[in-house]
Every structure is written in C-alpha cells, then in structure tokens.
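Please find the structures below.
Shared between the two complexes below is chain A, which has chain B as its partner in the first and chain C in the second.
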Partner chain A sequence: MMSAYLDFIRMRFLMMLAYRVNYYSGIIIYAINIGAYYFLWKAIYGSQETLAGFSIDQMTTYLAISWMARAFYFNNLDRDIANEIRDGSVAIQMIRPYNYLIVKLMQGFGEGLFRFLLFMIPGLAIVCFIFPVDLPTDPVVWLTYLAMLVFSFLINSQLNIMTGLFAFFVENNEGLMRMKRVMVDLFSGVIIPIAFFPGWLSSVMNWLPFQAITYLPSSIFTGRTPLAEAGSVFIIQLTWLVVLLIPIVVMWRAARQRLFVQGG
Partner chain B sequence: MLAIDVKDLRKQFKVQKNRAGLSGAFKDLFKREYTHVTAVNDITFQIPQGEICGYIGENGAGKSTTIKMLTGILVPTSGELNVNGYVPHRDREKFVKGIGVVFGQRSQLWWDIGVIESFQLLRKVYDVPLNDFNRRLDQLVERLHLGELLNRPVRKLSLGQRMRCELVASLLHNPAIVFLDEPTIGLDIVVKTEIRDFLLEMNRQEGTTILLTTHDLQDIEALCSRVIMLDDGSIIYDGGLEELKTTWSKGREIQFQFGEAMSISRLQQLTSTMNVAWTRENEFTATLFVPHEVNFSEAMGLVVGGAQIRDIKIFETNTDDIVRGIYQTGSAEVKDSEDNTQAEHVQEKETVLS
Partner chain C sequence: MRYMKLMLEYLKNYVKSRMTYRADFWIEVISDLLQQGMNLIFILIVFQHTPLLGGWTQSEVIFVYGFFMVPFGVFNTFFNIWNFGERYIVKGEMDRVLTRPAHSLYQVLLENMDPPSLFGSIVGMIVMAVCWLEMGLTLQAIDIVVFIVLVLGAVFIYGGIYTALSALSFYSDSPTGIVPLMYNIQNYGRYPVNIYNKLIRFVLTWILPFAFVGIIPASYFLEPKEDDISKLALLTPVVGLVVLGIGLFIWNRGVKRYRGAGS
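Right, the complex of A and B next:
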C-alpha cells in the first residue's frame, strides 16, 4: 500500500515535469513580484535604518525567501478536490482501498517536490543574482529553515484540503477558494511581514495558523529571529499541524454521511 | 452463501429548493428550504454467490444510488446491508478490495498515463502479488484483445477500447463481486457482444457474482437469469427473466400472407368464435393477435382451414415492449392484482387495436 502512495508522488512529479515549460514563466513572474516589492520597500525605508525590527537588507532577504517559499508550498489541492467533488469523480476514489485525502496529499508532495527542485531552487538562484539578498552562512540555519518549510507545506496543504472539502457542503466554493488564497498570502506574511501589522491584528495573527506558513520560518532565515528560538517555532508549527487535523477529519466524516454524487 | 443481502435499504437526499423570482432568491439567501427526496425506498433483496443479476429501471429510478450504497460510496439513510461479508460504508477500505466496479459514464483509469501504468498502479493499490497480477493481466489482455492498447495513454483510446480497459482495471484484483453500472452505454454492437461474452465466461469459470444496471435489455437477455426492476425507489419486480416475459407478455402475434385478397370482415368471420383480434396491413397481409388464454393451435387451425395461406410468421412480445409497458403503468405486481392487470391488458389491447 505504501508503495502505491509513493507512486502517486512519482506520478504527479512526472506529470508536472511534462508541463515544466509553464513554470519557466512562473519564475519570471515571481522575480517581477519580488522586484516590485523590493523597490517599494526601498522607497518606504528611505533613509531609515530599520523598520519594525527589519533592516533593509533583512527585508530584501525576507521578500526573496518568502516568495520563493510560496513557489514551493503553493498548490492547487483545494481546486483539485473541489473539482472532483463537483464533477462526481470522487465516487471513483471511494471504490479504491485507499484514503482519498492521503492520496491527495501525496499528489501534493509530488507537485511540491517538482516545485522545490525546478521552481524554488532555480528561482532563488536567479533572484539572488539580481537583488542584494543576504543568504545565511550558517548551515544549521539552512537545515532548520528547510525543516520548517516542510511544515509550511503541510499546514498550507491542510488549509487547501479543508477549503476543497467545503465543496461537499456548498454548491460552489469558488469564492471561498479565492478568499483563502488572498488570506494565506496576506496573513502568512508574504506580502507584508506580520511585524508591520497594527498591534491588534498581529496579536490576532498569533492565534491563527497562517504565520506558521511563511512569517515564522522566513524570520529565522533572515536572522531576525535568533536560531535559539527555532524550537518554539517548531512547536507552533507542529501544534497547528495537529490542530488542523481535527476539522479535516470532522469534515471528511460529515462529507461521507452526506456525500451526494453529482449526476446521479 | 449470499453475496449481497439487502434489507429495508433506504436513501434520502436533502435537496435545496430554489424559490422562483427575485424575492424567492432573496428569501433563499436567508432561509433555505429543503425537500427530502427518497431515491431508494426500503428495498429488500438477496443475491446468492455466482448469480448474474440485472438491475433495471427508468432514469432516476434509484439504480445508481443503490449501486453506490452497495459499493460503499454512499452511506444509507436506514436499513441493513451486507455485501461479501462486509457492511460496505463501515469497513470501506477492506470491503472494496473484494469488489470490482465499472461505471460506464466515468473513467477509473488515470487520464494522462499509459494503460499499463494505470494497471500497475492498481496492482499496488490493491496489494496484488506480482505473479498473480501478471497471470491475471495476461489472461484478461488475451480475452479482451487489449494487446496493442496497453502502451497508449488513456485519453487516446476510443470508447470501446477504453471500456474494455476499464473492465480489466476492475478485475485485476480478482474480485468476488462485480458491479457494472451501464457498462455497455454508447458502445457498438461488436464491443457489446464481446463484453457480454466475456462476462458470461468469467461468471461460469470463476463463479463471479455480477450485478448489472443497464438500459439495454439485450444485455439483460444475454446475461441475466434474474432481473430486479426498480421504479421510483421501490422494487416492482424481482424474479426470472422468463417469468417476467410470460407473466407480462400479453400473447403472440401471427402474421399471415394470404394467397387471395382478404377483407377484414372475412377475417373476423373466420375466428368469430374466439377472443382474438385482427389488424389488416394490406390486401394480402394481416396480423392476428392471440392472447395467452386462447388456444393457439385452435386459432391457427381456424385460419389455416378457412383461407389460402402463403406464409406465416410468429412474433413473441419482446422484452423491450414488456418493460416499456411496465414502466408506463409503473407496476409489475402481477401476483397481487391479477384481475386488475388482466383488465388493464384488455383495455390496452383495445386501444392498440382500435
């Protein structure tokens, strides 16, 4: 059975590889995004040394690594699941002796692996070449960051799976999917680091899973959060990973009860 | 032993009511109204191992809903269900290892990869040992003539080719029960026949239980010893196909070609002592309808003795007509309401013949 799950990773990876040309343009788009925010922040900083504890160099690194992390953890599991529910092909998944959600997660891994190797790494290399990005020199920081990135991927995938499963309960969850995408980008700190949020909002963010996706790992990577505090970041990520399992399991159970296969 | 045991099975769906007009849409926004639709209404049946059973009914009668409950996809609203020793929705992952399912309208193969890769993935999903898998695959490939298709991607197959691959995909793990939901839909007669022959052979050799839904009654005639007919969520007939035919066919039609021109009144005169009906097709040809309760040889004798005959053809009522008749009246309860249905027969005949 395990080998079947691994096969889903392999298959999705190969499928993504077949469409790799699409992602070359993705690298350019991400580079443009990073560039736009780089110049924007430069203008905001003006002559100031630091803002909200970020120096301009840290900010540049934060931007580059956050966007490139997004290039890795982003996936369309929500849309995949919602489509399969809406067109009824989820029925086919139910006649197989495997767990549908694990299969979806495996496909997400396949996509993630592709995005990591052929999108994030070359993208980061290009971005470092264009902008003054300060990469950490301590290999421990790199390893810690990579481990955190795995959690980022998992938490983001959990949010995607939840959003996708909503298709069981509402006729059309398109709006929800868009809202989720904007919320993840904004609240995870890809667009603006959470330190820049007004006080009340950043304290709300402490109680939401989004910061664990980008903000906390990127802060470690840029050195804004010292490595000594990595442990507490891991604890936050792990806690969210476990907590988010609950709504997924509840939704999946409820969905099984009311599964309504479209098209009879 | 029973392969499928169903008792008082029921499935209700909650369906959103969309109220009409702008004000209706506005009301829907705040307070949704739902109606309960009973797709399957307390059905009970048993299928012993090794039987091929046809499951028929009009569109929307609840066939697919039943199949989906039997395969563990849907959770029933109430009732008892035991398939292959399992309660399907409860032990879904264990249960589905022992069944095979083909949905004629949906593909279970992976669209982008080659057929053989799909099969190999299924081998891993179902935990089939490599030796068994290879033996089984060779057999199936040979019997369904898939040889050269195996390396093509699924999206490049024709419907007939794809359907044969779907069959193989559902049988690789050697299931004890196979559910086929409209397996021959949209296929040409050659592929249909091939699939029917294959299913029949599999049933004979391996004792596979097959439950088949279809709109093509030829499938039923070719394969099934038993039919369950569903209407509006309830079983209206459960029994042999032959029985269905004999209880429901109203009689036989005999077409005569005469050596001389015959008028309708002369024909009626010939059989005036019997409760039969004539329809005249042209000067030389006429059809005699003989209900089952009338002695067939006697009726023949009267006509043959009274007129010069060139040719005779006898038509049995075919299953299509019978089933159409049942769908239209919405009942097949022959045993309970013999008199009523008989009366209906006569009435219907009159309308047909008048």
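Right, the complex of A and C next:
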C-alpha cells in the first residue's frame, strides 16, 4: 500500500518536471516581488536601525527566505480537490482502494519536492546574488529551518485541503479559495512579519495556525528568534498539525454523506 | 452606437448567467476587496513604524492607493483577458469571434466582462474621499474633470499593456509566464517611485509606465514633493493613448497572422 502512495509522489514530481519551464519565470516573479518589498522596507527603515526587533539586514533575509519558502510550500491542492468535486471525478476516486485525501497529500509532496529542488533552491541562490541577504552560517540553524519547513508545508496543505473540501458544501468555492490565499499570505507573515502587527492583531495571530507556516520558521532563520526557542516553535507547529486534522476528518465524513455532482 | 447596444446585450447575458450562483457573486466581490484590503493593511501597519515613506505621509500613500484602485477596477472589469491564449487560440474560439462583424478585441473583451470588479473602484473613491477630508484639501469642479481624464488615461495604459500581452498569443504558441510577470511588476507603481533606484524608476515611468496608473496621476492632487512628479501627471492621458495605440497595433497585426487552431 505504502509503495502505491509513494508512486503518487513520483508521478507528480515527474509531471511537474515536464512543465519545469513554467517555473523559470516563477523565479523571476518571486525576485520581482522580493525586490518591491525590499525597496519598500528600505524606505520604511530610513535611518532607523531596527524595527520590531528586525534590523534591516535581517528584514532583507526574512523577505528572501519567506518568499522562497512560499515558493516551496505553495500548492493548488484546494483547486485540484474542488475541481474534482465539481466535475464529479471524486466519485471514481472514492471507490478506489486508497484514501483520497492521502493521495492528494502525496501529490502535494511530489509537487513540493519539485518546487524545493527546482524553484526554492535556485531562487534563493539568485535572490542572494541580487540582494544583500545574510544567510545563517550555523548548520544547526539550517537543519532546524528545513525541519520546520516540512511542517510549514504540511500545515499549509491541510488548510488547502480544507478549503478544497468546502466544494462539497457550497456549489462554487472559487471566492473562498482566493480569500484563503490572501489570508495565508498576509497572516502567515510573508507580506509583513507578525511582529509588526499592532498588538491586538498579533495576539489574535497567536491563536491562529498561519504564523506556523512562515513567520515562526523565518524568524529562526534570520536569527531574530534565538535557536534556543526552536523547541517551542516545533511544539506550536506540531499542535496545529494535529488540531487541523480534526476539521478535515469531520468534513470528509460529512462530505461522503452528501456528495452531489453538478451535471456530469 | 451599435457597439453600445452590443455592450448592453452582453451585460444582460452576464447578469443572467451570474444569477445562477448568486452567493458566489458576493463571495467574489468580498474576496476581491479583501485582496485590495491586504495592501491597505500593509500600508497602515507600515506607518505604525515610520512617519514618512520616501517623503510621503500615510494619508498621501493611502490616497495614492485609493486612486490606483479606481482605474484598476475599471480595467479588471473590461480587460479580464488573462486566459486569452488558452481559450481563444489553443481552443480555437477565435474563429467564432472573427466570423462576426464587430471588432475582434471588442468582442473578446465583452465576452469576458467582469463587472464585480467595479466595486473596487467604488471603494477606491471612498478611500480617496476619506484621505481628501483628512488632508483638508479643497475640491474644485475642475478636479473632478481632471480626475476622470486621469483615470481614463490610466485605464488605457493598463488596457494597452495587457492587450499587447494577450496578442503575443498570436505570435507564439505559449508565451508562458509573461502575463503573471507583468502582473507582479505593476505592484511597483502603487508606491512612491522615488523609493526605488534610478533604473527601476526609469522603467516604471517610460518603458512599462505603471507609475502612470498610480503615483504620478494621483500626485496631481497632492502637495508637490522634492522630485515633483506631479508635473508629469497631465501626461497620463497622452501616455495612455500611446500605450493603447501600441497595444491595438500589435493586436490587429496578430489577428492578420491568425490561422486557426487547425482541428
């Protein structure tokens, strides 16, 4: 059984590889975005040394690593699932002898592996070349960060799966998917580190899963959060990983009761 | 006149088809606004940490953003042609368009009209009004006329650039990634251009004139800054006409080259 699931990783990876040219322009797009925010933040800092605990160099590094992490963990599982629900092919998938959601996650892994090797790593290299990014010198920081990145991927995929499953309950969840994407970008800290948020908003963020996707790992990477606190970051990520399983299982159970295919 | 009637007919059809998914319509409006809201939140949060951004105050930067939202909403309503290459060239729908007497671009634009985007323009005007009051500017009748002309110019710039990009599908099978590339570059135009380095500033003003859809025309209404880009503001409609002209030229030449999808 396991080997069947592993095969889904391999297949998706190879499929992505066939379309790799599309992602070359992706690297440029990310570099453009990082550039826009780099100049903005430089103007924001002006003559100030540090803001919200970030020095300007840390901020540049934060920008680079956060966007490149997004390049890795981003996927369209929500759209995949929603499309399969809408066109009815989910019904065929459900009678096959595997768990649909695990298959989706495996396909996500395949895409993630591709994005990591051919998007995030070359992207980071290029960005470091253009902008004054301070990469950490301690290999422990790198390893810790990579481990956290796996959780980022998992939590983001869980949110995507949840959003996709909503297609079972509403006829068209296009708007919902877009809203989710905006929320993840803003609240996970890709656009602004959560430390910059006004007090009330950052305390709200402490109770939401988004910060575990980008903000917490990137803060470790830039050195704003000392390595000694990495343990508590892992605990937060692990907690959300477990907590988010609950709505997914509940939705999946309820969904099977009321599958309703439009047309088809 | 005939073109106006066509527009009304398309609009009627649009309303009919959209009313099937009524709830979704509102979700789309809200998610669009949320996306814009994200950028406003960014500005608000940023100004908690600095009084000025490249010499511009919070009200001014938000005003610029509000201005930008107006042409952007109009543009999204009438130039919703992101998937032109995919839908019209690869799938061959362009054949159908070309058999009809109205101009091909006009038909394509109307078929893809997206009126919910206009809510963004309305919100943009509200944002501008709030900042206007906050800054205590005076309003004269001429300002409204100038505003309309500047917005039209800005819409033309966007329209021209994206028409040209869509028309690339006539020349190349898969111009992958250029449209999203442009979409991300345009973000630079929402903020004061003087924060960028010289090269980027030059590109944004004269090559890909995204500065002319936000910061430059909006500065017309604000106090002049050191580099005084507001002097360029009244050039907006001229730049708009030039860019739209280039876009139309590339489109029309592309249509002549079009040979159909084959099948």
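Please note the rule applied: the second predicted complex is superposed on the first by the 263 of 264 C-alpha atoms of A that agree within 3 Å, B and C clash if a C-alpha of one lies under 4 Å from a C-alpha of the other, contacts with A are read in each partner's own complex, and residues count from 1 in each chain.
The rule we apply is simple: a residue touches a chain if its C-beta (ideal position, glycine included) is under 8 Å from a C-beta of that chain, and two chains touch if they have at least 3 such contacts.
Since this is a predicted model, take the numbers as computed values, not measurements.
Counting the residues of chain A that each partner touches, chain B and chain C differ, and the larger count belongs to C.
By the touch criterion defined above, A:N33 lies against chain C but remains apart from chain B after alignment on the C-alpha atoms of chain A.
Shared-chain residue A:L208: touches no atom of chain B or chain C. When the shared chain is aligned, no partner comes close enough to touch A:L143: not chain B, not chain C. Once chain A of one complex is fitted onto chain A of the other, the partner contacts of A:P97 are limited to chain B, with no touch recorded for chain C. By the document's definition of touching, of the two partners only chain C reaches A:I191; chain B does not. After overlaying the two complexes on the shared chain, residue contacts for A:S89 are found with chain B alone; chain C is out of touch. Once both structures are placed on chain A, chain A residues 171 are touched by chain B and, in the other complex, by chain C. By the touch rule above, chain A contacts chain B in their complex via residues 1, 3-4, 7-8, 11, 15, 18, 88-89, 91-92, 94-99, 171, 256-261, 263-264.
Put simply, chain A touches chain C in their complex at residues 21-22, 24-26, 28-29, 32-33, 35-36, 39-40, 42-46, 48, 51-52, 170-172, 174-176, 178-179, 182-183, 185-186, 191-192, 196-198. Residue ranges on chain C touching chain A, taken from their complex, read 21, 23-24, 26-28, 30-32, 34-35, 38, 41-42, 45-46, 48-50, 52-54, 176-178, 180-181, 184-185, 187-188, 191-192, 195-197, 200. Contact residues on chain B toward chain A in their complex (touch as defined above): 13-14, 16, 59-60, 64-65, 68, 71-75, 89, 92-94, 96-97, 99, 101, 103, 105-108, 110, 112-113, 117, 121, 124-127.
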